[in-house]
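Pasting a structure below so you can have a look.
Which chain is which? They are A, B, C and D, in the order written, and residues in each are numbered from 1.
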Amino acid sequence: MPEVVFSVDQARSMADQAVPGHNRWHPDIPPAAVVRPGQEFRVECREWTDGQIGNDDSANDVRDVDLSRCHMLSGPIAVEGAEPGDLLVVDILDLGPVPQETGPVPGQGWGYTGIFARTNGGGFLTDRFPDAYKAVWDFHGQQATSRHLPGVRFTGITHPGLFGTAPSADLLARWNARERALIATDPDRVPPLALPPLEENTLAGTLTGDALAAVAREGARTVPARENGGNHDIKNFSRGSRVFYPVHVPGALLSGGDLHFSQGDGEITFCGAIEMGGFIDFHVDLIKGGMEKYGVTTNPVFMPGDVEPRHTEFVSFIGISVDHDTDTNHYNDATLAYRNACLNAIAYLTTFGYSPEQAYLLLGAAPIEGRISGVVDIPNACCSLYLPTSIFDFDIRPGAEGPRRADRGRCATSS
Amino acid sequence: MPEVVFSVDQARSMADQAVPGHNRWHPDIPPAAVVRPGQEFRVECREWTDGQIGNDDSANDVRDVDLSRCHMLSGPIAVEGAEPGDLLVVDILDLGPVPQETGPVPGQGWGYTGIFARTNGGGFLTDRFPDAYKAVWDFHGQQATSRHLPGVRFTGITHPGLFGTAPSADLLARWNARERALIATDPDRVPPLALPPLEENTLAGTLTGDALAAVAREGARTVPARENGGNHDIKNFSRGSRVFYPVHVPGALLSGGDLHFSQGDGEITFCGAIEMGGFIDFHVDLIKGGMEKYGVTTNPVFMPGDVEPRHTEFVSFIGISVDHDTDTNHYNDATLAYRNACLNAIAYLTTFGYSPEQAYLLLGAAPIEGRISGVVDIPNACCSLYLPTSIFDFDIRPGAEGPRRADRGRCATSS
Amino acid sequence: MPEVVFSVDQARSMADQAVPGHNRWHPDIPPAAVVRPGQEFRVECREWTDGQIGNDDSANDVRDVDLSRCHMLSGPIAVEGAEPGDLLVVDILDLGPVPQETGPVPGQGWGYTGIFARTNGGGFLTDRFPDAYKAVWDFHGQQATSRHLPGVRFTGITHPGLFGTAPSADLLARWNARERALIATDPDRVPPLALPPLEENTLAGTLTGDALAAVAREGARTVPARENGGNHDIKNFSRGSRVFYPVHVPGALLSGGDLHFSQGDGEITFCGAIEMGGFIDFHVDLIKGGMEKYGVTTNPVFMPGDVEPRHTEFVSFIGISVDHDTDTNHYNDATLAYRNACLNAIAYLTTFGYSPEQAYLLLGAAPIEGRISGVVDIPNACCSLYLPTSIFDFDIRPGAEGPRRADRGRCATSS
Amino acid sequence: MPEVVFSVDQARSMADQAVPGHNRWHPDIPPAAVVRPGQEFRVECREWTDGQIGNDDSANDVRDVDLSRCHMLSGPIAVEGAEPGDLLVVDILDLGPVPQETGPVPGQGWGYTGIFARTNGGGFLTDRFPDAYKAVWDFHGQQATSRHLPGVRFTGITHPGLFGTAPSADLLARWNARERALIATDPDRVPPLALPPLEENTLAGTLTGDALAAVAREGARTVPARENGGNHDIKNFSRGSRVFYPVHVPGALLSGGDLHFSQGDGEITFCGAIEMGGFIDFHVDLIKGGMEKYGVTTNPVFMPGDVEPRHTEFVSFIGISVDHDTDTNHYNDATLAYRNACLNAIAYLTTFGYSPEQAYLLLGAAPIEGRISGVVDIPNACCSLYLPTSIFDFDIRPGAEGPRRADRGRCATSS
């Protein structure tokens, strides 16, 4: 096992760790550890809400989650010799839930998927699913099952939802400007268009006083992916993958967390992955001047690993950029097309006896693939969603005899 | 070999075939053939432009293509006993270029990828690439190479870009209404937001006179995918796949064409696949009442085949929904996110010596995967693009030594 | 389509073709065609028995097959510039059954698998299965089904069973010497230990008279694989694969045939593949002096293609080198271990209702994998056999409820 | 993490654990733990030699290893309700090296591959490689590298080499009888044909006195696979696999160990895997009467998992059953054919600069596939060996320019 450079006691909040992590992006958050190029090291992580969600049958905790504390990140890790313009090469050697422990915190043998309430975060299909729901998953080695989703068992493609380097002060300022401009177009929208800096519950490592206050005022929220990496929620950042992060500040300042036991493309319920705390083992290196060498000006480049679970049979769903409720055509809108593919998959699964909420939770957590199939056939973007048949213990393929409807239980709901 | 129920002489235009096909969607186009459930049969196809593009080093033909004739489809094939509300089960048993022939028509041993000019069709990145370009590909069994893209060789995931059932009169009317409403929001846009019915060059099988005129007036253009299937451009409709099409009219009336030797997800240059004529072998069956049984109200459902070419190593690119030229943030826009992933891939490939146009052509034709990675991390949708490393005869992985830049030739340009 | 350099009229015997092929290995058989390095070309092939087996429900033809005429090969093809010591690089661009034809000859829309009678060829399990049996397969694009094996459908991994270069006179003499020495250890064995040269029914291209008589006297039989390649029966020589053949004579003299629509590892019924005539498209090149450069002194080296059908779920069987009938232990005998794995698979399949003969035919033809798992754990070699579950239309996985036994029909038997 | 039902302190010998394991197969070894059907549990394991091999650059420890102590197994685990005739369903949920530890024992961050000396165990190619050699591997998450094999890095397909149920007294007696009969055919052979019971160093859990003496006299050695499972060395028993073991005694009495970080098919150097101690997590269940239900009379049946590392490009080698040194033909001998495939691979790799010993070690440890390709083409069995190209950091594909020879270091040798 490589050296632990950022350790977490899962019985405590991130704020109460020996060396706390952080929950905003800001270049002034001091490094929690320093590593060398070529070094292998372990980072321990809290689940992204810092442990607000329980292993029970009520979704009230999802409904009431305090998002001002999220995502709770481990780091920053400074890399010796890293300078702006370099590419930071990060190998994900291993990751998983909290080793050797069972307990009440996500990652201690279990995880969860949540549908956030429209009034508190929302999700991809929040118009159809405005309330909070939850499914709890039990881990069996690399496989997961849920009492809230009977009939389903699959191997997780375990990955970190969120890792990134620190932004420079200039880059941070640009983020805040462009996101505030977007919010200003509809400032009262529920859910909001974007999340501006929020002083409440800001954690910035060991910073206190004025330094902390500055981070709280200026620090970017962690929800979106940006030029530093961040909350990609790319399920293929799994074991064996290699990520090339742009370096924007001396030392690179790598931070992250939001580990997922599994996730479908899109993470469509917002908290759609199987969320957990745990550990991640890295190897880091540098490509000096790599951003210019390889023409990298915005997002990281990466190479996925070679141990993703294999699936060969899928029932697949298609969506196009039409609002079918109103028969309104949108122009080449891949978001809408994927939304329709998801709705089509949900409608299909309900014919087997799942509730729409169960189907929605399943599509967030299971290893589905979401593909951009056509984005040139105007006016209709076309997206497709691939649902592996082998994750079900019954046959979900269409046949002349019709779907095998059964009692499929129920997911956790809010009261 | 199964019986040929729709035959094509590749030396002639579709209009001059013994039984012509059609280039609009309309329920009144009479069946060219009738098949039974359980039957296997072959359909021969013209390349989608009906042979307007040549095997040469000029893109003038792409620049000047007459789109009023496109897509040139084979069919309709009536299926005995099919009724509205059924699902038409279509197995794609085999497909390929024109067998046993070499010649001047796409599919006769070769195919092409085109970037359409902004003023005549455009493409996904038409703002960056307003002019016409072309790459010609030679077929070597299941593999393709191009003199316009040296250093690249890959196995095609051969598929039909476009197949579908006929719309009912009511469905057709709804298409026309919603697309005209979209066009009306910006009627002078170049390229247009959508394509309304166009009488010029309408072909409707054996129809003539008033019947033809009605189809010409009302028939939907074939460019987008819609509720009948249509121009999905889903590369995974390959050998061994099974598609479940909604049936909207008695007999189902299956038509299609636009065969592709290969295509990347998104078909980003508009004519981004490797376009060809050829043949496709089907087996059909019916699930009576299948639409209601399986909750299918809009698009087809499908199951991909098991012989897609395998790739295990990718260099992958990420895009988010920010316009980086102007630092403008868009809200959860997967189309923009995928556009940025494509632009990032193009920028990367140019560091190896390809021109941007070559890189764009390559991403349209090669077996890249385009995934919707995150669509909940507001405000930034996150899409990713997976480029298999093995299609190149040089190493495209990032490394400390930087990219191996070389003379990579040039693609066909317009004069 | 590439130029046909060796053509076959499937209505005629190989002996009656315009340019006949051959059925013995000998350096003096004259080239039927000459190709250049870098050339792509097509070779047409007869089914290996030259059409002795019919599409019917009797195995009498298998029982009575005349093996003196087998294998009927296409070629030789001379490659300009090839010299002894080179490696001949052969790309298998494409192959398949007889295009565009249905008819009575294997490859014309159908093929067969045979269990040979012990007294006429035998097979891997001939002690258990001394009689002749047959299954006829229908082709559906890349998939096959058999009326003699209901409940099974799979994608074929189409490949040539047999291709090779001509032996030098010296190499041929060594083959004859070593095989005659083996036969001499038990000359009356049924089936024989090996097959010596046989004058009867020798075909040697256009040779006649004394030249033909010399080939008939000395020519090696085509049954085994040897240093020139030959009858490898390696199912992974599929589309997209590249083989590096040792060159033993000027011009290399490439010959082959014995096309298979599918085959399981081991081809255990002797005629265990799905046998067919058809075509194969090649590209050839040379590595000058390649044998010494790469240390190749005996067999070819090859690289499999990238479009083998994918399977991810298998029921797998194990065998060890013990004769369980007599409880006799053999030393590290992988042949016996694989034999036991096959017998274990057959016993398993019969619990679902197949006859042992059907199960044996299935394991010869279906895409099973046979692996050498342990050959160091004395005294027991351990081999394993992987049977894909998805080729069955019922569930063959072990479960608490026991196997789903049903009437599975019957295969063709001899009278 | 599931409950640990068999724990190991890696700082102590297996004999000195709180509850010791065992190193012989015998029905009278008392259970170390009892589990229920449906239970998930962890078993901790010592490396198979009980820690005799060190992380250094000398192979003297391999040369001098005391094999009387091997394999050191964890267990037996009794399963409630298991009776003879049942199938014990064993899910391998997870396994890996010793968690959270680095240290001097194999599995503490490292493992090794050994070539055993001919006079002390030998290996598959012991005639060519009579001396002892060793390669030490470092673990990087799921990947391994070796200072003794520079230029190589691969993902391990981690698996247990050895697990099985206890034999009944009757079955044990049959084993001893048949193996003694084999030994008697050549009792002085070096290495021996098989290993009879050996009293020296017998460990039988908590047994002492007469009970221990009986096990020592009668207990079967653990080297071969037999009807109880045992030392299969099937690399595909990886995470997510399910094994159905025959039950021969009440409680089934599951035991095992010999964990491998990786292994090639055949484990050709005898100690050819990457050997390690560690943990394995199981879920067990029963199919009552399953042996008869599914026709299982000898070996276990299994289903491999879905997370084996993916490889798509291989350089493959072929062997036939000819002794090429003496030009002697053997009859359909798959062991010899695979031996030749291995020798051909070794000869090939040496042209790149590896020593033959390094190449041999590599083929034992790397994820190569060994296939039985043809076992009916008399007299030559044909086996093939698939070497993934991506495990090398240089190009090993054959090309016109010849192999890229370089200094590839050296493996550990004996003095």
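Odds and ends about this structure:
Operating definition for what follows: a contact is a pair of C-beta atoms (placed from the backbone, for glycine too) under 8 Å apart; a residue touches a chain by one contact, two chains touch by 3 or more.
Chain-to-protein mapping (UniProt): A, B, C, D = Acetamidase/formamidase family protein.
All values derive from a computational prediction rather than experimental measurement.
On a Cα centroid basis, the chain most remote from subunit C in this structure is A. For the interfaces A-D and C-D, the C-beta contact count is higher for C-D. Centroids of subunit A and subunit D (each the mean of its C-alpha atoms) stand 39 Å apart. A straight line joining the Cα centres of subunit A and subunit C is 51 Å long. Between subunit C and subunit D the centroid-to-centroid distance comes to 32 Å (mean Cα coordinates, whole Å).
In subunit A, the positions touching at least two other chains are 306, 310-313, 390. Of all the residues in subunit C, the ones that touch subunit B in their complex are 1, 40, 91-94, 99-102, 109, 140-143, 155, 239-240, 281, 283, 305-311, 390. Those residues of subunit D lying in contact with subunit B across their complex are 310-313, 390. Subunit D contributes residues 87, 89, 123-124, 174, 177-179, 181-182, 191-195, 223-226, 231-236, 244, 265-270, 272, 285-288, 290, 293-304, 306, 312-320, 322, 324, 327-335, 337-338, 340-341, 344, 347-348, 350-351, 369-384, 386, 397-400, 402-403 to its touches with subunit C in the complex.
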